[in-house]
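Read through the structures below before going on.
Below, subunit A partners subunit B and then partners subunit C, in two separate complexes.
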Partner chain A sequence: MGKIRTPYLLLLPGFGFLFTFFILPIVNLAQTSTQTPVGGGDTGQYEQTFRFQNYIDAFVENKEQFGRSFVYAIIATLLALAISYPLAYAIAFKSGKYKNFFLVLVVAPFFTSFLLRTVAWKQILGEEGFVVPTLRTIGIISDSTTLTSTAFAVVMGMTYNFLPFMTLPLYASIDRIDPRTLEASGDLYANGFTTFRKVTLPLSMPGVVAGTLLTFIPAAGDYVNAAILGSPNTKMIGNVIESRYFKIVDYPTAAALSFTLMAAILILVTIYIRKAGTEELV
Partner chain B sequence: MSKKIADATAPRISPVVKFQRWFGRNLIRVYMFLAFTYLFIPVAYTFAFSFNDSGKSNLVWKGFTLDNWKNPCGAPEVCNALANSIKIGFLATLFSTILGTMIAFAIGRHNFKGRSTSNLLIFLPMATPEIVLGASLLSLFLVFKINPGFWPTVIAHVMFCISFVVVTVKARIASLDPRLEQAAMDLYANEIQTFRRVTLPLVAPGIAGAALLAFSLSFDDFIITNFNSGTVITFPKFVYTAAARGIPAQANVIGSGMFFLALAIVIAGQILNRRKAR
Partner chain C sequence: MSFDASSARGDLILTRITKEYGDFKAVDDLSLTIPKGSFFALLGPSGCGKTTTLRMIAGLEEPTVGSIHLGETDITTTKPYQRPINTVFQNYALFPHLTIFENIAFGLRRRGIKDVDAEVNKVLNLVELPHLAGRKPTQLSGGQQQRIALARAIVNKPALLLLDEPLGALDLKLRRQMQIELKWIQKEVGLTFVHVTHDQEEAMTMADTIAVMNEGQIEQMGSPADLYDNPETAFVANFLGQSNLIKGTITGNDGDSLVVDLYGQKISVPKNRSHAVDNSMYAGIRPEKFRISLLDTPVSGNVLTGGRIEDVSYIGVSTQYQVEMPWGQELMVFEQNDDGVAPFNKGDAVNISWAPVFTFALRGDEDVTAGSEVTPEDLDEE
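After this line comes the complex of A and B, so read on.
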């Protein structure tokens, strides 16, 4: 009898906590999203009127920021994949006894607060940094071109900040590949490229899927990079939700936007996992 | 005879092959060097500018000084923020590690009805964008007329750390050899003794790793904290608000200090593991 109850007793405190502070808030957020301002009330006072039009209004008003969030997040995810894959491959197959050392190096930058590093990028790419004057002297960019407050800086910052979320799962799945499968492929007269396309890549797919999801989800909801490295023209949906909450005290719109963001991410992720599960993505 | 063949064939292929191999090997080295440079540029920048004799705004290099390192609390708001972050991080780590480890044992060690639902409930907070977690929790606090502040932040951190603790500890439990526990039982240890003397010590490194992960997640969190902390300033929040007018060099000292401290902990852990393995 006691044996049957043990797992439930172990789960009870943790799941009680998650229910109260994760499920309940999400349900509450859903309720908030259809509220409207109390007539004649103070700012920040809302009542439930089940106004689903809130969603359409919120989306139409901010479709630009929505689009930007997803475009930036997708570009940052692809860049992170392009940078991380060779790195994870090199650590798994080419670094011999220094494997652990390089793995620590991948994670190490993230011990310095991520905000400090983002601000550091702002200053490195800024007017007083060393990159802009150098590029101007060589003539790669014109005197009026800046690097900060641009979409380039925001996407670069996101790529940088979420890189280990891509590298670590990639490493985990590439490291599990038996090197003999690669030799076998070579023995069967496949060249390097064919071996990569037909053996290495398919075997590392779980890592690619996990890495892209772990990068894409936080990137789509991020607003810190856009706030520090961007300009009003690079605002993402996260920036809108933040300012709706704190500056405008418009909780229903913020809630509707949060829900739309979550739904959009869930739909994209589901489609992606389905595709990645079959051969189509390879 | 065989030497002759080798001599005859070697000059014909070897320059190409040799070059290809050399290039292949060094291309990867060059690539790794570039990738790690990219990763470490902002860290090096933060470290270098922690020695800047800058006064209030740490934007331009004005000269080398050790003053910031000698007196990291020279900008008092930096130290205040750091103290808050450490307090919140410690409490969040304590609670999330306890709750998460219990869940990990339930899921990793027992087969029960609702196991896959439990796994889903653990996965969901990790798949939800931080801004949704932060915003939804804040709106719950507002409904119950709880003001955002220190404890709401601790609650928020425990909430998002639990899943990471569960995943880390569960992985450790899954890698245990069940025969070790069977051996303990064979030697007449009862269930509690087996757990205390065999299972728990074996899972302990996983729990320690989970606690470290929880602390670093909590310490570095900005988005969820920003929603639920009200007037309490944490270290990332301080950096965010100070970013506009320039961050005091003392913040760079703390960022670099954390970097070296964490690096030391990781290296010490690795050495310890290696010694144990011997």
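After this line comes the complex of A and C, so read on.
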């Protein structure tokens, strides 16, 4: 009997934690999402009336921000993938004895606060930073164009902030590839590009899938980048939820939006994993 | 520089190849011709440069100096995928994400061959694994993976097939079986095989010609029998099988033979097996060529007298003796257990005799421990 019980006992703290900090809040959130204001009550007073219309109202009112969240998150994910893949490849195959050093560099941004790093981007892209004057000098942007408070700045901030979440799983996946399979591919008449397409990329797909998910999911729900680097025109759904909760004190709409976001991410991710066919991979 | 060398055919010619890694010369001024259609083995201990040589032939490394030709075509700097050369890698390097069928079809598809199905099935039948076409490499045993790696290479009918220690990961019994099979397949498909190995028995079983490599150079090249019976250096004498090397002096001529003095006893050595450059030499005799006899038994041929049996080990097909000679050296003798005679005993006073034709002579300045599996230095380290 003791043998059977031990694993469950070991799982108990985990279950307890998840129950208190995940299950209970989710149930609470679900209850809140169908509430309506108490007639004649104070601001922030709601009662349960099972009004599912809340969901439709919340979505219709904020569909622009929803769309923007997913577009920004997808662009940031693709950019992060484009930056991370060569980086992870170089660390795995070309860095020799400096491998660990480069990995530390990838993780190093986590040593300072997420918020501070995002504020730093505001300066980098600001009028006093070096980016804007440089781009103006070489004529890529006009003298009247600014980069702060634009969609560009928000997407850049997101790409930067979530880059390590892309790089690390990609690295883990590419590092596991036996370099001799790449030699074998060259030996069997595949040039560099074909070898990448037919051997390297398929073998690194688990990393690509994990990296894109770890980037896309937090990016879609992010509000810090849009709040610091964006403008009212670049508001994402995270910003709406934040303001509904803390500023307008409209709990039911915030809760309904949260659930809708969760469902949308879940559906997208499911389709993506099916398409990527990870179950086919080793 | 890159051009299409895929149609090149003919002998493989390495001309004065050197490969340096920093200060280290992995291959040192090596020249070699491998005739079309032969089963050629590069044999040597680890670090002798044999794998580097193979990788240069495959195009995975570029020589620092020297050139590589396939027939008339210079392939020294062509990319691996431009060479009509395929490799069976040491750990097979099968593509884990592809089925066995797709692994074998890989080269055919890259070259745009039409009838992929027929070609793959033909080679799967050749290696007797047609039922595994749909599996993934991880679902196969080591021996099966080895055959698939071979099939994946030979399906392309390359001008040259390179085998990099292909049997190293298999157990002894499977290895012996695969050796025979590989030799049969080579005859069947008629390709040139270049086999890299550190296992002298494997090289001798399979190859028509063996090049023994040591420290980046070819020590000696020839048929297995040549190398075994007439080694030119102590390294070859010790690396291929075992040898008794006895210090001696050439004292005269007797027709086709040299008269040699070994610690006061005269023996005869065929001139065509002498590689000595002056009077100082080592006489070499393989342990199985010796015959032991008690002192009063008459014997002919070369005889060394005054031996005493120090150790007897019965190992089934033969009995191995250590015989101490008057000058203190212990000689190794393998006697076949085929004559019903009771083995000699420890302490017996004996003569050692052999047919003079089985004697070879090495230069007197050779390091007699070169190429031995266990050198005295190795023992000191333990």
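To be clear about the criterion, the second predicted complex is superposed on the first by the 277 of 282 C-alpha atoms of A that agree within 3 Å, B and C clash if a C-alpha of one lies under 4 Å from a C-alpha of the other, contacts with A are read in each partner's own complex, and residues count from 1 in each chain.
Everything that follows uses one rule, which is that a contact is a pair of C-beta atoms (placed from the backbone, for glycine too) under 8 Å apart; a residue touches a chain by one contact, two chains touch by 3 or more.
Just so you know, these numbers come straight off a predicted model, no measurement behind them.
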Partner chain in contact with A:F22 - subunit B first, subunit C second, else both or neither: first
First, second, both or neither for A:G221, with subunit B first and subunit C second: first
Partner chain(s) touched by A:R68 [first = subunit B, second = subunit C, both, neither]: neither
Subunit C versus subunit B, contacts on subunit A by residue: B
Of all residues in subunit A, those that touch subunit B in their complex: 4, 6-8, 10-11, 13-15, 17-18, 21-26, 28-29, 32, 83, 86-87, 90-91, 94-95, 100, 102, 104-124, 128, 160, 163, 213, 217-218, 220-224, 227-228, 238, 241-242, 245, 251, 254-255, 258-259, 261-262, 265-266, 269
Contact set on subunit B toward subunit A in their complex: 25, 28, 31-32, 35-36, 38-43, 45-46, 49, 59-60, 99-100, 102-103, 105-107, 109-110, 112, 118, 121, 124-125, 127-133, 135-140, 142-143, 155-156, 158-159, 162, 166, 216, 219-220, 222-223, 226-227, 235-236, 239-240, 243, 247, 251-252, 255-256, 258-259, 261-263, 266-267, 270
Of subunit C, residues touching subunit A in the complex: 6, 58-60, 79-81, 85-87, 89-91, 93-97, 106-107, 110-111, 136, 138, 152-153, 156
Contact set on subunit A toward subunit C in their complex: 178, 180-181, 183-191, 194, 198-199, 202-203, 280-282
